[in-house]
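Order of writing sets the chain letters: A, B, C and D. Residues in each chain are counted from 1.
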Amino acid sequence: MKSQDSLVVLKEAMQSFAKERDWDQFHSPKNLSMALAGEAAELLDCFRWLTEAESSKLDANQFQAVEEELADVLLFTVRLADKLNIDLLSAAQAKIAKNGMNYPVEKVKGSSKKYTEYK
Amino acid sequence: MKSQDSLVVLKEAMQSFAKERDWDQFHSPKNLSMALAGEAAELLDCFRWLTEAESSKLDANQFQAVEEELADVLLFTVRLADKLNIDLLSAAQAKIAKNGMNYPVEKVKGSSKKYTEYK
Amino acid sequence: MKSQDSLVVLKEAMQSFAKERDWDQFHSPKNLSMALAGEAAELLDCFRWLTEAESSKLDANQFQAVEEELADVLLFTVRLADKLNIDLLSAAQAKIAKNGMNYPVEKVKGSSKKYTEYK
Amino acid sequence: MKSQDSLVVLKEAMQSFAKERDWDQFHSPKNLSMALAGEAAELLDCFRWLTEAESSKLDANQFQAVEEELADVLLFTVRLADKLNIDLLSAAQAKIAKNGMNYPVEKVKGSSKKYTEYK
């Protein structure tokens, strides 16, 4: 059943949340992009002084902080997409396909160079 | 069928994408948090000089740019969650519940004040 | 006297601060870029639900928050530049000159379009 | 002479730049915070797939990119401060003093824990 898809469930939950609080008035795409970027940056704070190795082995407090920030990022992503009538699954699949063309396996295997450096 | 859920579909697509290119070595949680925040900030660029009203009425070029950046944000969110074994749907639902307690309807209706200002 | 220039004063203050705490070990350019972006995003939090007009008329609490976040941004900017031996004043003046060529007055006056749209 | 201080030189250069282009209308503090965070995030892009060690040994192309992004961050920092009549040097020095109290040498030496973990 379509409505049980994760992204649909979250979209509807966010709609209810905003409606109950009369917050639609604040949820312009511009404002939501700021909220999203703000939450994404809080993730940076979780990792900024950890080594890469440490970032894979979080303790319970660190893990909970990351989990909550990542949840906020997803919620604002879903909310912003909803406000602009963007189908997130289709958009994400189309972007993977585009990335696949920009980073062809035979050229980038094992390398992290940005694709503009290959052209 | 569980594996048709959007978030599962995207998780598996990102796993394949990285595996084909031997990119797992670059995908530490620390690095992924940087990629995620970088993509979220590119959304800001789409909106920075628009008014709130304009941000709801994007032209075709603007819309495509926003759609692609939002897709990138979702893809890195999914990828980072996968690397840390975070169940995004559960995490997001738990966060909505927590937000509901921090922003009780009767206190915040129609107001955008941060919840710390209510305490 | 050169050493009284603001950027030099702050560079030296940050050097002392890190040295006293033995924090140089954490201040790789990669980590500092995360700290800088994290602080810049905290500024977004100050403004995300304000209208543009409101953002020009902050109350005392809001003003203090913005002042502190902006200070953090400047401090990490100075610190990152120092670690990479970048002369911030020269770099900023060169960038203004470059921006001037990308956004010639006669083409962009009164318009906020990104310069790539003019080409 | 006060007007030769780096931060004053850059403030005045940014004022002229905006005035010539009639861009003051776009430079609300809200919009400038988005521009600043956007530029700070472009720095992340320079470093996201580099190791910490690599981030200290940039090649010429990488160095130029970092230098330009860092310049943009400084320019928008100066511009936002100007719009809100914030004295950046005073604000930064006050913040260093505050940070010094939050991170007393005897408690944090050699450790990167966030100060809230000490309390």
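General remarks:
Definition applied: a contact is a pair of C-beta atoms (placed from the backbone, for glycine too) under 8 Å apart; a residue touches a chain by one contact, two chains touch by 3 or more.
Listed by chain with UniProt protein names: A, B, C, D = Nucleotide pyrophosphohydrolase.
Fair warning: this is a prediction, and the values are worked out from it, not measured in the lab.
By number of C-beta pairs in contact, B-D leads when A-D and B-D are compared.
Of the pairs listed in C-D, A-C or B-C, the one whose interface repeats that of A-B, with over half of its contact pairs matching by residue number, is C-D. We define each chain's centre as the mean of its Cα atoms; on that basis subunit B and subunit D are separated by 25 Å. Looking at subunit C, residues 26, 31, 33-34, 37, 40-41, 44, 47, 49, 51-52, 112 sit in touch with two or more other chains. On subunit D, the positions that touch subunit A within their shared complex are 33-34, 37, 41, 44-45, 49, 51-52, 112. For subunit A in complex with subunit C, the touching residues are 26, 31, 34-35, 37-38, 40-42, 44-45, 47-49. Residues 5-7, 9-10, 13-14, 17, 20-23, 25-26, 28-31, 33-34, 36-37, 39-41, 43-44, 46-47, 50-56, 58, 63, 66-68, 70-75, 77, 80-81, 83-84, 86, 88-89, 91-96, 98-100, 103, 105, 108-110, 112 of subunit D are the ones that touch subunit C when the two sit in their complex.
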